[in-house]
Amino acid sequence: MYLAEVKGNVVATTKNEKLIGSKLLIVQPINPAFENNGQPLIAVDTVGAGFGDRVIIASGGSARTVFQDKTPIDAAIVAIIDSLEIY
Amino acid sequence: MYLAEVKGNVVATTKNEKLIGSKLLIVQPINPAFENNGQPLIAVDTVGAGFGDRVIIASGGSARTVFQDKTPIDAAIVAIIDSLEIY
Amino acid sequence: MYLAEVKGNVVATTKNEKLIGSKLLIVQPINPAFENNGQPLIAVDTVGAGFGDRVIIASGGSARTVFQDKTPIDAAIVAIIDSLEIY
Amino acid sequence: MYLAEVKGNVVATTKNEKLIGSKLLIVQPINPAFENNGQPLIAVDTVGAGFGDRVIIASGGSARTVFQDKTPIDAAIVAIIDSLEIY
Amino acid sequence: MYLAEVKGNVVATTKNEKLIGSKLLIVQPINPAFENNGQPLIAVDTVGAGFGDRVIIASGGSARTVFQDKTPIDAAIVAIIDSLEIY
(Lines give C-alpha, C1' and ligand atoms only; values in the text may rest on other atoms or scores of the structure.)
Protein backbone atom coordinates (compact mmCIF):
# COMPACT_ATOMS: atom_id res chain seq x y z
CA MET A 1 0.00 0.00 0.00
CA TYR A 2 1.14 3.58 -0.31
CA LEU A 3 0.54 6.86 1.44
CA ALA A 4 -1.53 9.61 -0.21
CA GLU A 5 -3.31 12.85 0.57
CA VAL A 6 -6.92 13.52 -0.50
CA LYS A 7 -6.96 16.46 -2.91
CA GLY A 8 -10.45 16.52 -4.40
CA ASN A 9 -13.08 14.45 -6.11
CA VAL A 10 -14.36 13.52 -9.54
CA VAL A 11 -17.86 14.34 -10.77
CA ALA A 12 -18.97 11.73 -13.31
CA THR A 13 -22.59 11.28 -14.32
CA THR A 14 -21.89 8.59 -16.90
CA LYS A 15 -20.18 5.64 -15.28
CA ASN A 16 -20.19 1.87 -14.93
CA GLU A 17 -23.31 0.96 -12.96
CA LYS A 18 -21.29 -0.71 -10.21
CA LEU A 19 -19.63 2.63 -9.49
CA ILE A 20 -22.94 4.38 -8.76
CA GLY A 21 -22.84 5.59 -5.17
CA SER A 22 -19.06 5.29 -4.89
CA LYS A 23 -17.06 8.36 -3.86
CA LEU A 24 -14.27 8.83 -6.41
CA LEU A 25 -11.49 10.85 -4.78
CA ILE A 26 -8.41 12.45 -6.30
CA VAL A 27 -5.44 11.37 -4.21
CA GLN A 28 -1.82 12.55 -4.37
CA PRO A 29 0.69 9.84 -3.45
CA ILE A 30 3.13 11.06 -0.79
CA ASN A 31 6.20 9.72 0.96
CA PRO A 32 6.60 9.40 4.76
CA ALA A 33 7.91 13.00 4.82
CA PHE A 34 4.54 13.98 3.30
CA GLU A 35 6.17 15.14 0.07
CA ASN A 36 4.48 14.48 -3.28
CA ASN A 37 5.53 11.17 -4.81
CA GLY A 38 4.37 10.82 -8.41
CA GLN A 39 1.14 11.83 -10.13
CA PRO A 40 -2.37 11.93 -8.60
CA LEU A 41 -4.65 8.92 -9.00
CA ILE A 42 -8.35 8.20 -8.46
CA ALA A 43 -9.33 6.02 -5.49
CA VAL A 44 -12.67 4.92 -4.04
CA ASP A 45 -13.23 5.91 -0.43
CA THR A 46 -14.24 3.19 2.02
CA VAL A 47 -13.53 4.82 5.37
CA GLY A 48 -15.06 8.31 5.26
CA ALA A 49 -11.92 10.15 4.22
CA GLY A 50 -12.19 13.87 3.45
CA PHE A 51 -10.21 16.74 1.99
CA GLY A 52 -6.67 16.95 3.32
CA ASP A 53 -6.73 13.56 5.03
CA ARG A 54 -3.59 11.50 4.71
CA VAL A 55 -4.59 7.97 3.90
CA ILE A 56 -3.43 4.50 2.92
CA ILE A 57 -4.29 3.29 -0.57
CA ALA A 58 -4.61 -0.39 -1.48
CA SER A 59 -4.19 -1.12 -5.19
CA GLY A 60 -5.22 -3.71 -7.72
CA GLY A 61 -7.36 -6.70 -6.81
CA SER A 62 -6.88 -5.81 -3.17
CA ALA A 63 -8.98 -2.70 -3.69
CA ARG A 64 -11.84 -4.81 -4.99
CA THR A 65 -12.06 -6.76 -1.74
CA VAL A 66 -13.71 -3.78 -0.05
CA PHE A 67 -16.89 -4.45 -2.00
CA GLN A 68 -19.08 -7.54 -1.99
CA ASP A 69 -19.60 -7.43 -5.74
CA LYS A 70 -16.97 -7.42 -8.41
CA THR A 71 -16.47 -3.72 -9.03
CA PRO A 72 -14.18 -2.10 -11.62
CA ILE A 73 -11.93 -0.24 -9.18
CA ASP A 74 -8.19 -0.68 -8.75
CA ALA A 75 -7.50 1.70 -5.85
CA ALA A 76 -9.28 2.09 -2.51
CA ILE A 77 -8.68 4.20 0.57
CA VAL A 78 -8.48 1.65 3.38
CA ALA A 79 -7.22 3.72 6.35
CA ILE A 80 -6.85 7.30 7.57
CA ILE A 81 -3.42 7.98 9.01
CA ASP A 82 -3.20 9.40 12.53
CA SER A 83 0.58 9.47 12.59
CA LEU A 84 3.70 7.77 11.34
CA GLU A 85 6.31 6.39 13.71
CA ILE A 86 9.73 6.40 12.03
CA TYR A 87 12.46 4.83 14.07
CA MET B 1 -7.77 4.41 -11.35
CA TYR B 2 -6.28 7.18 -13.42
CA LEU B 3 -7.48 9.99 -15.62
CA ALA B 4 -7.09 9.83 -19.40
CA GLU B 5 -8.30 11.48 -22.61
CA VAL B 6 -9.65 9.49 -25.56
CA LYS B 7 -7.38 10.07 -28.55
CA GLY B 8 -8.40 7.49 -31.15
CA ASN B 9 -9.07 3.83 -31.73
CA VAL B 10 -7.40 0.67 -32.94
CA VAL B 11 -8.52 -1.25 -36.01
CA ALA B 12 -7.68 -4.93 -35.58
CA THR B 13 -9.24 -7.65 -37.72
CA THR B 14 -7.24 -10.49 -36.20
CA LYS B 15 -7.86 -10.66 -32.46
CA ASN B 16 -8.74 -12.93 -29.58
CA GLU B 17 -12.34 -14.05 -30.10
CA LYS B 18 -13.41 -12.60 -26.75
CA LEU B 19 -12.42 -9.16 -27.98
CA ILE B 20 -14.78 -9.29 -30.98
CA GLY B 21 -17.25 -6.47 -30.63
CA SER B 22 -15.15 -4.57 -28.08
CA LYS B 23 -14.23 -0.96 -28.83
CA LEU B 24 -10.45 -0.63 -28.39
CA LEU B 25 -9.65 3.03 -27.71
CA ILE B 26 -6.30 4.81 -27.58
CA VAL B 27 -6.20 6.79 -24.33
CA GLN B 28 -3.63 9.31 -23.15
CA PRO B 29 -3.18 9.32 -19.35
CA ILE B 30 -3.50 12.85 -17.93
CA ASN B 31 -3.11 14.51 -14.56
CA PRO B 32 -5.82 16.60 -12.81
CA ALA B 33 -4.47 19.65 -14.68
CA PHE B 34 -5.28 17.75 -17.89
CA GLU B 35 -1.62 17.57 -18.87
CA ASN B 36 -0.22 14.42 -20.50
CA ASN B 37 1.09 11.92 -17.96
CA GLY B 38 3.06 9.12 -19.57
CA GLN B 39 2.50 7.20 -22.80
CA PRO B 40 -0.84 6.30 -24.42
CA LEU B 41 -2.44 2.94 -23.67
CA ILE B 42 -5.27 0.86 -25.13
CA ALA B 43 -8.50 0.57 -23.11
CA VAL B 44 -11.85 -1.05 -23.78
CA ASP B 45 -14.81 1.29 -23.64
CA THR B 46 -17.74 0.34 -21.42
CA VAL B 47 -19.60 3.63 -21.07
CA GLY B 48 -19.93 5.05 -24.60
CA ALA B 49 -16.88 7.32 -24.44
CA GLY B 50 -15.90 9.21 -27.60
CA PHE B 51 -13.10 11.28 -29.02
CA GLY B 52 -11.85 13.97 -26.67
CA ASP B 53 -13.73 12.65 -23.63
CA ARG B 54 -11.84 12.74 -20.38
CA VAL B 55 -12.40 9.47 -18.64
CA ILE B 56 -11.45 7.23 -15.72
CA ILE B 57 -9.51 4.05 -16.50
CA ALA B 58 -9.58 0.96 -14.28
CA SER B 59 -6.59 -1.35 -14.72
CA GLY B 60 -5.72 -4.99 -14.25
CA GLY B 61 -8.21 -7.53 -13.01
CA SER B 62 -10.57 -4.67 -12.18
CA ALA B 63 -10.98 -4.01 -15.88
CA ARG B 64 -12.12 -7.58 -16.43
CA THR B 65 -15.04 -7.17 -14.04
CA VAL B 66 -16.91 -5.13 -16.66
CA PHE B 67 -17.49 -8.28 -18.69
CA GLN B 68 -19.37 -11.44 -17.68
CA ASP B 69 -16.81 -13.69 -19.33
CA LYS B 70 -13.12 -13.81 -18.66
CA THR B 71 -11.75 -11.46 -21.30
CA PRO B 72 -8.09 -10.64 -22.00
CA ILE B 73 -8.27 -6.92 -21.27
CA ASP B 74 -6.32 -5.06 -18.60
CA ALA B 75 -7.74 -1.54 -18.96
CA ALA B 76 -11.35 -0.35 -19.19
CA ILE B 77 -12.99 3.05 -19.37
CA VAL B 78 -15.40 3.04 -16.44
CA ALA B 79 -16.56 6.67 -16.23
CA ILE B 80 -16.71 9.89 -18.26
CA ILE B 81 -15.55 12.89 -16.24
CA ASP B 82 -17.90 15.88 -15.99
CA SER B 83 -15.56 17.91 -13.79
CA LEU B 84 -12.91 17.68 -11.12
CA GLU B 85 -13.28 19.41 -7.77
CA ILE B 86 -9.86 20.25 -6.34
CA TYR B 87 -9.95 21.78 -2.88
CA MET C 1 -3.29 -2.93 -22.94
CA TYR C 2 -0.35 -1.50 -24.80
CA LEU C 3 1.02 -1.48 -28.33
CA ALA C 4 4.12 -3.47 -29.22
CA GLU C 5 6.07 -4.75 -32.23
CA VAL C 6 7.18 -8.39 -32.53
CA LYS C 7 10.99 -8.50 -32.62
CA GLY C 8 11.94 -12.14 -32.17
CA ASN C 9 11.38 -15.22 -30.08
CA VAL C 10 12.87 -17.12 -27.17
CA VAL C 11 14.24 -20.64 -27.45
CA ALA C 12 13.86 -22.41 -24.09
CA THR C 13 14.10 -26.16 -23.73
CA THR C 14 13.73 -26.17 -19.95
CA LYS C 15 10.47 -24.55 -18.96
CA ASN C 16 7.39 -24.91 -16.83
CA GLU C 17 5.35 -27.77 -18.27
CA LYS C 18 2.33 -25.54 -18.86
CA LEU C 19 4.43 -23.43 -21.23
CA ILE C 20 5.22 -26.37 -23.51
CA GLY C 21 3.85 -25.58 -26.93
CA SER C 22 3.50 -21.87 -26.25
CA LYS C 23 5.19 -19.43 -28.61
CA LEU C 24 7.27 -17.02 -26.50
CA LEU C 25 7.83 -13.83 -28.49
CA ILE C 26 10.10 -10.86 -27.78
CA VAL C 27 7.97 -7.72 -28.10
CA GLN C 28 9.08 -4.10 -28.06
CA PRO C 29 6.46 -1.77 -26.54
CA ILE C 30 5.72 1.17 -28.86
CA ASN C 31 3.63 4.33 -28.73
CA PRO C 32 0.93 5.28 -31.28
CA ALA C 33 3.65 6.96 -33.38
CA PHE C 34 5.32 3.49 -33.51
CA GLU C 35 8.34 4.73 -31.55
CA ASN C 36 9.96 2.47 -28.94
CA ASN C 37 8.46 2.90 -25.49
CA GLY C 38 10.49 1.18 -22.80
CA GLN C 39 12.30 -2.15 -22.78
CA PRO C 40 11.32 -5.35 -24.61
CA LEU C 41 9.23 -7.98 -22.83
CA ILE C 42 8.26 -11.60 -23.46
CA ALA C 43 4.68 -12.33 -24.46
CA VAL C 44 2.81 -15.47 -25.47
CA ASP C 45 1.21 -15.37 -28.88
CA THR C 46 -2.47 -16.27 -29.17
CA VAL C 47 -3.38 -14.87 -32.57
CA GLY C 48 -0.67 -16.05 -34.99
CA ALA C 49 1.47 -12.93 -34.83
CA GLY C 50 4.79 -12.92 -36.67
CA PHE C 51 7.95 -10.89 -37.04
CA GLY C 52 7.33 -7.18 -37.51
CA ASP C 53 3.64 -7.34 -36.65
CA ARG C 54 2.35 -4.52 -34.48
CA VAL C 55 0.16 -6.00 -31.82
CA ILE C 56 -1.82 -5.37 -28.65
CA ILE C 57 -0.50 -6.90 -25.43
CA ALA C 58 -2.72 -7.73 -22.46
CA SER C 59 -0.86 -7.98 -19.14
CA GLY C 60 -1.23 -9.67 -15.80
CA GLY C 61 -4.14 -11.94 -14.97
CA SER C 62 -5.80 -10.80 -18.19
CA ALA C 63 -3.13 -12.62 -20.16
CA ARG C 64 -3.97 -15.86 -18.37
CA THR C 65 -7.57 -15.76 -19.60
CA VAL C 66 -6.42 -16.81 -23.07
CA PHE C 67 -5.73 -20.30 -21.77
CA GLN C 68 -8.15 -22.79 -20.22
CA ASP C 69 -5.64 -23.89 -17.59
CA LYS C 70 -3.85 -21.70 -15.11
CA THR C 71 -0.62 -20.90 -16.91
CA PRO C 72 2.34 -18.89 -15.60
CA ILE C 73 2.23 -16.11 -18.21
CA ASP C 74 1.70 -12.43 -17.54
CA ALA C 75 1.64 -11.03 -21.08
CA ALA C 76 -0.25 -12.23 -24.15
CA ILE C 77 -0.63 -10.93 -27.68
CA VAL C 78 -4.39 -10.55 -28.12
CA ALA C 79 -4.70 -8.64 -31.40
CA ILE C 80 -2.76 -7.72 -34.55
CA ILE C 81 -3.11 -4.04 -35.42
CA ASP C 82 -4.31 -3.14 -38.91
CA SER C 83 -4.21 0.60 -38.31
CA LEU C 84 -4.64 3.29 -35.69
CA GLU C 85 -7.16 6.08 -36.07
CA ILE C 86 -5.98 9.17 -34.20
CA TYR C 87 -8.43 12.06 -34.22
CA MET D 1 9.29 -10.06 -4.59
CA TYR D 2 11.66 -7.33 -3.58
CA LEU D 3 13.98 -6.53 -0.71
CA ALA D 4 13.12 -3.83 1.84
CA GLU D 5 14.11 -2.53 5.25
CA VAL D 6 11.57 -1.88 8.02
CA LYS D 7 11.63 1.83 8.87
CA GLY D 8 8.59 2.43 11.08
CA ASN D 9 4.87 1.92 11.37
CA VAL D 10 1.59 3.63 10.67
CA VAL D 11 -0.91 4.56 13.40
CA ALA D 12 -4.43 4.53 11.96
CA THR D 13 -7.53 4.42 14.14
CA THR D 14 -9.97 4.66 11.25
CA LYS D 15 -9.45 1.78 8.86
CA ASN D 16 -11.16 -0.94 6.91
CA GLU D 17 -12.44 -3.48 9.45
CA LYS D 18 -10.43 -6.29 7.89
CA LEU D 19 -7.24 -4.38 8.70
CA ILE D 20 -8.00 -4.28 12.44
CA GLY D 21 -5.20 -6.09 14.21
CA SER D 22 -2.83 -5.93 11.27
CA LYS D 23 0.60 -4.37 11.79
CA LEU D 24 1.10 -1.73 9.07
CA LEU D 25 4.82 -1.18 8.60
CA ILE D 26 6.68 1.46 6.62
CA VAL D 27 9.22 -0.33 4.45
CA GLN D 28 11.99 1.13 2.31
CA PRO D 29 12.71 -0.94 -0.82
CA ILE D 30 16.42 -1.72 -1.11
CA ASN D 31 18.71 -3.41 -3.62
CA PRO D 32 21.03 -6.36 -2.84
CA ALA D 33 23.72 -3.83 -1.83
CA PHE D 34 21.22 -2.59 0.80
CA GLU D 35 20.92 0.83 -0.88
CA ASN D 36 17.57 2.58 -1.09
CA ASN D 37 15.63 1.70 -4.22
CA GLY D 38 12.61 3.94 -4.74
CA GLN D 39 10.10 5.36 -2.28
CA PRO D 40 8.84 3.74 0.95
CA LEU D 41 5.65 1.71 0.90
CA ILE D 42 3.28 0.27 3.51
CA ALA D 43 3.29 -3.49 4.05
CA VAL D 44 1.51 -5.81 6.46
CA ASP D 45 3.77 -7.90 8.65
CA THR D 46 3.19 -11.66 8.73
CA VAL D 47 6.44 -12.94 10.20
CA GLY D 48 7.16 -10.80 13.28
CA ALA D 49 9.47 -8.32 11.55
CA GLY D 50 10.76 -5.37 13.55
CA PHE D 51 12.61 -2.11 13.15
CA GLY D 52 15.72 -2.40 10.99
CA ASP D 53 14.96 -5.89 9.73
CA ARG D 54 15.69 -6.53 6.10
CA VAL D 55 12.78 -8.41 4.64
CA ILE D 56 11.16 -9.78 1.50
CA ILE D 57 7.94 -8.14 0.33
CA ALA D 58 5.34 -9.93 -1.76
CA SER D 59 3.05 -7.63 -3.72
CA GLY D 60 -0.42 -7.62 -5.21
CA GLY D 61 -2.76 -10.57 -4.92
CA SER D 62 0.14 -12.61 -3.59
CA ALA D 63 0.10 -10.51 -0.43
CA ARG D 64 -3.53 -11.39 0.15
CA THR D 65 -2.74 -15.09 0.31
CA VAL D 66 -1.26 -14.62 3.78
CA PHE D 67 -4.76 -14.12 5.21
CA GLN D 68 -7.69 -16.51 5.17
CA ASP D 69 -10.17 -13.74 4.39
CA LYS D 70 -10.09 -11.38 1.48
CA THR D 71 -8.24 -8.41 2.92
CA PRO D 72 -7.49 -5.09 1.21
CA ILE D 73 -3.71 -5.29 1.34
CA ASP D 74 -1.34 -5.33 -1.61
CA ALA D 75 2.02 -5.79 0.14
CA ALA D 76 3.08 -8.27 2.83
CA ILE D 77 6.33 -9.06 4.57
CA VAL D 78 6.81 -12.77 3.94
CA ALA D 79 10.40 -13.40 5.11
CA ILE D 80 13.17 -11.90 7.21
CA ILE D 81 16.53 -11.98 5.45
CA ASP D 82 19.45 -13.62 7.25
CA SER D 83 21.91 -13.03 4.42
CA LEU D 84 22.25 -12.74 0.68
CA GLU D 85 24.57 -14.97 -1.30
CA ILE D 86 25.73 -13.21 -4.45
CA TYR D 87 27.85 -15.31 -6.74
CA MET E 1 7.26 -11.89 -18.77
CA TYR E 2 10.74 -10.45 -18.73
CA LEU E 3 14.30 -11.67 -19.11
CA ALA E 4 16.63 -11.90 -16.10
CA GLU E 5 19.91 -13.40 -15.00
CA VAL E 6 20.29 -15.40 -11.79
CA LYS E 7 22.73 -13.58 -9.49
CA GLY E 8 22.41 -15.26 -6.10
CA ASN E 9 20.00 -16.41 -3.45
CA VAL E 10 18.41 -15.30 -0.21
CA VAL E 11 18.91 -17.08 3.09
CA ALA E 12 15.85 -16.59 5.30
CA THR E 13 15.14 -18.73 8.33
CA THR E 14 12.03 -16.83 9.36
CA LYS E 15 9.47 -16.88 6.58
CA ASN E 16 5.87 -17.51 5.73
CA GLU E 17 5.26 -21.23 6.15
CA LYS E 18 4.17 -21.62 2.53
CA LEU E 19 7.61 -20.49 1.43
CA ILE E 20 9.39 -23.28 3.30
CA GLY E 21 11.27 -25.35 0.76
CA SER E 22 11.12 -22.69 -1.94
CA LYS E 23 14.36 -21.53 -3.52
CA LEU E 24 14.43 -17.72 -3.35
CA LEU E 25 16.76 -16.42 -6.05
CA ILE E 26 18.11 -12.93 -6.66
CA VAL E 27 17.51 -12.13 -10.33
CA GLN E 28 18.72 -9.15 -12.33
CA PRO E 29 16.28 -8.11 -15.08
CA ILE E 30 18.05 -7.82 -18.46
CA ASN E 31 17.13 -6.73 -21.97
CA PRO E 32 17.53 -8.90 -25.11
CA ALA E 33 21.09 -7.55 -25.42
CA PHE E 34 21.71 -9.05 -21.95
CA GLU E 35 22.29 -5.61 -20.41
CA ASN E 36 20.96 -4.84 -16.94
CA ASN E 37 17.45 -3.41 -16.99
CA GLY E 38 16.40 -2.03 -13.61
CA GLN E 39 17.01 -3.30 -10.10
CA PRO E 40 17.30 -6.94 -8.94
CA LEU E 41 14.23 -8.73 -7.64
CA ILE E 42 13.54 -11.96 -5.76
CA ALA E 43 11.95 -14.83 -7.67
CA VAL E 44 11.06 -18.41 -6.80
CA ASP E 45 12.70 -21.05 -8.94
CA THR E 46 10.46 -23.68 -10.54
CA VAL E 47 12.72 -25.10 -13.25
CA GLY E 48 16.07 -25.83 -11.60
CA ALA E 49 17.75 -22.57 -12.57
CA GLY E 50 21.25 -21.90 -11.23
CA PHE E 51 23.83 -19.16 -10.98
CA GLY E 52 24.37 -17.28 -14.23
CA ASP E 53 21.38 -18.78 -16.01
CA ARG E 54 19.36 -16.41 -18.14
CA VAL E 55 15.72 -17.03 -17.43
CA ILE E 56 12.16 -15.88 -18.01
CA ILE E 57 10.29 -14.44 -15.03
CA ALA E 58 6.51 -14.48 -14.72
CA SER E 59 5.10 -11.86 -12.36
CA GLY E 60 2.05 -11.32 -10.21
CA GLY E 61 -0.76 -13.81 -9.96
CA SER E 62 0.81 -15.70 -12.86
CA ALA E 63 3.72 -16.64 -10.62
CA ARG E 64 1.33 -18.22 -8.11
CA THR E 65 0.03 -20.65 -10.72
CA VAL E 66 3.25 -22.67 -10.42
CA PHE E 67 2.14 -23.91 -7.00
CA GLN E 68 -0.94 -25.92 -6.08
CA ASP E 69 -1.54 -23.90 -2.93
CA LYS E 70 -1.99 -20.19 -2.66
CA THR E 71 1.53 -19.01 -1.96
CA PRO E 72 2.71 -15.46 -1.27
CA ILE E 73 5.05 -15.11 -4.23
CA ASP E 74 4.78 -12.59 -7.04
CA ALA E 75 7.66 -13.66 -9.28
CA ALA E 76 8.65 -17.11 -10.55
CA ILE E 77 11.32 -18.41 -12.90
CA VAL E 78 9.35 -20.31 -15.54
CA ALA E 79 11.95 -21.03 -18.23
CA ILE E 80 15.71 -21.15 -18.81
CA ILE E 81 16.72 -19.39 -22.01
CA ASP E 82 18.78 -21.33 -24.56
CA SER E 83 18.97 -18.49 -27.04
CA LEU E 84 17.11 -15.49 -28.40
CA GLU E 85 16.26 -15.15 -32.07
CA ILE E 86 16.04 -11.49 -33.04
CA TYR E 87 14.95 -10.87 -36.60
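Going by the order they are written in, the chains are A, B, C, D and E; count residues from 1 in each one.
Assume contacts are C-beta pairs under 8 Å (C-beta built on N, C-alpha and C of every residue); 3 or more make two chains touch, one makes a residue touch a chain.
Which protein is which chain? UniProt says A, B, C, D, E = EutN/CcmL family microcompartment protein.
Here the structure is a predicted model, which means the values were calculated and not measured.
Least step count on the touch graph, subunit C to subunit D: 2. The chains in contact with subunit B and with subunit C alike: there are none.
The minimal number of chain-to-chain contact steps leading from subunit A to subunit C is 2. Chain centres here are Cα averages; for subunit A and subunit E they lie 31 Å apart. As a whole-number value, the distance joining the C-alpha centres of subunit D and subunit E reads 19 Å.
Residue positions 60-61, 63 of subunit D each touch two or more of the other chains.
In terms of which chains touch, the assembly is arranged as a closed ring, every chain touching its two neighbours and no others. Each chain touches its neighbours in a single ring, whose members, counted from subunit A through subunit B onward, are A, B, C, E, D.
Interface residues of subunit E, counted against subunit D in their complex, comprise 7-16, 18-19, 24, 26, 39-43, 51-52, 60-61, 63-64, 70-75.
By the touch rule above, subunit E contacts subunit C in their complex via residues 1-3, 31-32, 37, 46-48, 56, 58-63, 65-66, 76, 78-87.
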